[in-house]
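In order of appearance the chains are A, B, C and D, and numbering begins at 1 in each one.
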Amino acid sequence: MNATETDYIKPELMACCGAREIRDGDLVIVGTGFPTVAANIARYTHAPNARMMQESGVYDAQPRRPALSVGDPCLNPGAAFIGSLIDVMGMFLQGCKVDVGFLSGSQVDKYGNINTTVIGDYERPKSRLPGSGGANPIGLLARRVLIIALHDKRRLAEKVDFITTPGYIDGPGSRAKWGLPEDQGPEVIITNKGVLRFDKESKEAYLESYHPDSSIEEILENTPWDLKVAEDVHETPQPTAEELRAIREIIDPMRMITIYLKRGYV
Amino acid sequence: MNATETDYIKPELMACCGAREIRDGDLVIVGTGFPTVAANIARYTHAPNARMMQESGVYDAQPRRPALSVGDPCLNPGAAFIGSLIDVMGMFLQGCKVDVGFLSGSQVDKYGNINTTVIGDYERPKSRLPGSGGANPIGLLARRVLIIALHDKRRLAEKVDFITTPGYIDGPGSRAKWGLPEDQGPEVIITNKGVLRFDKESKEAYLESYHPDSSIEEILENTPWDLKVAEDVHETPQPTAEELRAIREIIDPMRMITIYLKRGYV
Amino acid sequence: MSKVMTMREAIAEHVHDGDFLFIGGYVCRTPFAAIHEIIRQGKKDLTVTRSNAADDFDMLIGAGAVKRFIATFLSLGVYGLGRCFRRSLEKGVPHKIEIEEYTNLSLPMMLMAGALGMPFIPVKDMVGSDLLQVKSFLGEGKYKVIESPFDGTPTLLVPALNPDVAIIHVQQADENGNAQVWGIEGDCKWGANAARKVIVSCERIVSREVIGKDPSRTIVPDFQVAAVVEEPFGAHPGYTPGFYDVDFMFGSLYQQASNSEEGFRAFLDEWVFGVEDRNAYIQHYIERFGYAQFRGLMAEFDYGYPVSYAY
Amino acid sequence: MSKVMTMREAIAEHVHDGDFLFIGGYVCRTPFAAIHEIIRQGKKDLTVTRSNAADDFDMLIGAGAVKRFIATFLSLGVYGLGRCFRRSLEKGVPHKIEIEEYTNLSLPMMLMAGALGMPFIPVKDMVGSDLLQVKSFLGEGKYKVIESPFDGTPTLLVPALNPDVAIIHVQQADENGNAQVWGIEGDCKWGANAARKVIVSCERIVSREVIGKDPSRTIVPDFQVAAVVEEPFGAHPGYTPGFYDVDFMFGSLYQQASNSEEGFRAFLDEWVFGVEDRNAYIQHYIERFGYAQFRGLMAEFDYGYPVSYAY
């Protein structure tokens, strides 16, 4: 059962890293792509009672094809509950029912702050990004936040240009200053090179594991801050046969996950 | 068409008085009994586009029998909209969509304040009444409030023991002091002896008309404050044949309105 | 992970002395089977709430189960006044309950605020009334008046409510608790979702697949639910749309009985303590009043049009 | 008192330059026929809002109809980024819109507050982020932080929104405007009811009797509605549950076209200015891509179970 496979692609490994953060019974708010794949891997392996919701108002959808947006038609038939944004973002998320949220962004910094608003100056943007959407409340209100990012010096940052979604803001104590629970917030940054976990004390992301084809050195080189390395740093466990079977036979038989290769997740 | 009938009962006359306060297109929030009969008379005569809602969450119900409560089963099939208390009391009433509300109470005073909470001292009640329910917000937020009351010195009061639902509170300027629009509030008190209308300046109820079998003298005797009488005081117009036909043939063929006779509306 | 159990198990396991309960219903879908079981099990010191309370609350008060009541109204409507409620407040029989009073606007808003994770909510009612003059167990926390930081207008704020347990009766639910209703909702959705856990009483348990055929009808998702009880006629003498009508005869019977303390005790002895569960209650009803009377309550068939969620 | 009219009439009569519009939809039930008509009629200086805006908002911005945008997000999702949105904010093409930014929690709450007649509403998001640092046309009215009068906790308040007009696309409505939906709701119900009037675009007009067969599906009552437009495929290239799927091919076509200003203008010329109404648009679609492609969008039949509201 736990035999590993070596013929996987990087997005599959990353999705497995996400899945392993999900506990049985967790309520997970997901977007499309990685989060859905990760949460589904968890459901089909160690967390059969994990349940997903989408901010559009859907809980426990039963899609027959991978959803391409959080409002995708395939989320409608078979769901357990369909309501409004207020139901999911207000009643479930702000009502503190959500265990896990997934986020990604054009910039992520060492305190887990995420920028999806603007690169450069806000008033005179070099590059205008989509904005918060559900990211800000998910980052503030989900118990555990899992961040997906491309590992390079442009996407990872010492400090983001704009904090759309606060992680630990300026470090220890910052969340409390804003009345946010200190024991919530980002858990990990899962990149295409490794897994960075947030230190409970310093609130800074450190290197927990490097993916099989990467290395500590490569990761340090591609991280724009002085990245701490865990004492027990190790290679990221490869996907198990069971995990890969879940991805390929159940969750994503059309292999839509391969679009992440084109987006640089190699 | 406008021939009047003399073989009517007092509750029918009172319902007609209510109906005549309703304008075409009005949105009316109703309880059971009088309000529903009155609003329906209006619909079947001069206000075909008046529409009713019940606080339980129902808009434009099509009951096949007279509803015995605002949550009655007969309000469900055929309604245009069924939601929650929040929808009707929040979205429609607090959202300032409601033109007319009907209220009644164990005590009504000269400023149209209504008591449905307690007779005697609040902490040591002589008689404990049901409480506000929807009355308080209807009284505060409907544009025009129509009050139904029994005409005696116990039910009408110089000052109610407890203001459950404010009318004009202490008189001119009182509503404004609480941030309430001055041009809203009680329009009339329809009793079993006559119709009292609120003066736009003094905010005090004055006698507008006496019912055919009553008189100015009888009304003054049974009113516990120094009731002003309109210069053009007159007999209340009797129900028209059209109004009576609406009540008897369409709205209430089972003659449930007769229960008001037992309650003293004679 | 089925949460299906008997009402006896659900109440024993999930309702504790001193709990704060939201009890749904609005004549429509009153969870009477649960009310009777709470009384049968002798639960006490409860804080209870709902907008427009009726015979079920009157009965709980008369039975001595209630310590505190966050109220808007209590009446038996067409049947008459709530006599147990009055005896409690006027004469302290069986004891004087504490009552904190709001309205049918502010209380649903407070439950909605609780469900939505809000700390408080602004409302436009109650101002100028004596409802702001009387405060009970919520004390200064009953409400606050602030100047709106946006425009300086005096604004009334009322606190969010988060009951320990919500008890609702619905048309159908699956065995994990996804609960569906149609027709008059009252404050059921917000009250249930404001609570830390929900006991779902339902006319019929359906498969998860049936739920998924019409997910827009779901008002409570399974993760909020602690227990699911299949309890046909569970709202009697109230009604459930599509299932059965209000039982005016029985509602009136209760009102008559509750006019006196003795009558009320006799009513409880016959209809609550004298039966062990809902089946025995219905059996007793049929034996006492005849099957024809019972049959007469059952709803007509008048089905709407199905819809498709497919793409 | 039928309010049925053509989309041309509805937009001409009820949308004015400078109006504040809520535009419903969430991939699901985007009122695209109305969007095209607004552009065709050259409406301008609009303030627009919705949570999670997409291609319809991008198109309005590119066409120069928008002055201000109360926003949470604008992206074309799987198709790519919103190029008109970016050109406006990065390069001022066709002009720089003003943008006031919230989130998918706070904006729906502001619309709900508007619908419920509340002056403002407390929310728990945005704190600690730069969203509180940037303020645009709402200025100091964007939000306020107060100490909760109940417990002193710093609490963020955001203002209620009341658009002049809401435009929504629904599955069915009657000729007076009672509008019914099922499936993903987005912020449609609150946004529509927050507005001073509503334009209802629908897949099919049904009788008042059909509405009454399932009144729990109604999200907007007729008295809120100014115009009803029967507009089958009115959400294309978005979808309507039970009617048709998302048109990924066409969504992608728009994204490709809008990558350049020229492409965007050519797209408008072909699909907006080049057709006079929705019928002509669908006709052109079928001529251009073939009936088989069009037919492929139509939903499968997968009907749920009807329910009864009878007693």
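Just so it is clear, a contact is a pair of C-beta atoms (placed from the backbone, for glycine too) under 8 Å apart; a residue touches a chain by one contact, two chains touch by 3 or more.
Small disclaimer: the values here were computed from a predicted structure and weren't measured.
With steps allowed only between chains in touch, the distance from subunit C over to subunit D comes to 1.
Common neighbours of subunit B and subunit C (chains touching each): D. Subunit A and subunit C have Cα centroids lying 41 Å from one another. Computed from the mean C-alpha positions, the centre of subunit A lies at a distance of 29 Å from the centre of subunit D. Here the CA centre of subunit A is 58 Å from the CA centre of subunit B. For subunit C, residues that reach two or more other chains under the stated contact definition are 109, 116-118, 123-124, 153, 182-183, 185, 213, 215-216, 239, 241, 245-246, 302, 308-311. Counting partners per residue, subunit A has 58, 73, 76-77, 82-83, 86, 90, 93-94, 141 as the residues that reach two or more other chains.
According to the touch criterion at the top of this document, the contacting chain pairs are A-C, A-D, B-C, B-D, C-D.
Listing the residues of subunit D that touch subunit C in their complex gives 109, 116-124, 141, 144, 146, 148-151, 153, 155, 157, 159, 171, 181-183, 185, 210, 213-217, 239, 241-242, 244-246, 299-311.
Of all the residues in subunit A, the ones that touch subunit C in their complex are 27, 49, 51, 58-60, 62, 73-74, 76-83, 86, 90-97, 141.
If you check the complex, the residues on subunit A that touch subunit D are 32, 55-58, 68-73, 75-77, 82-86, 89-90, 93-94, 117, 122, 125-128, 130-137, 140-141, 162-166, 169, 174-175, 177-180.
Subunit D meets subunit A in the complex at residues 26-28, 51-52, 71-75, 77-78, 81-82, 85-86, 89-90, 101-106, 108-109, 112, 123-131, 134, 153-154, 182-190, 239, 241, 245-246, 248, 302.
Across the complex, subunit B is touched by residues 1, 115-118, 174, 178, 193, 208-209, 211-213, 215-216, 218, 221-224, 308-311 of subunit D.
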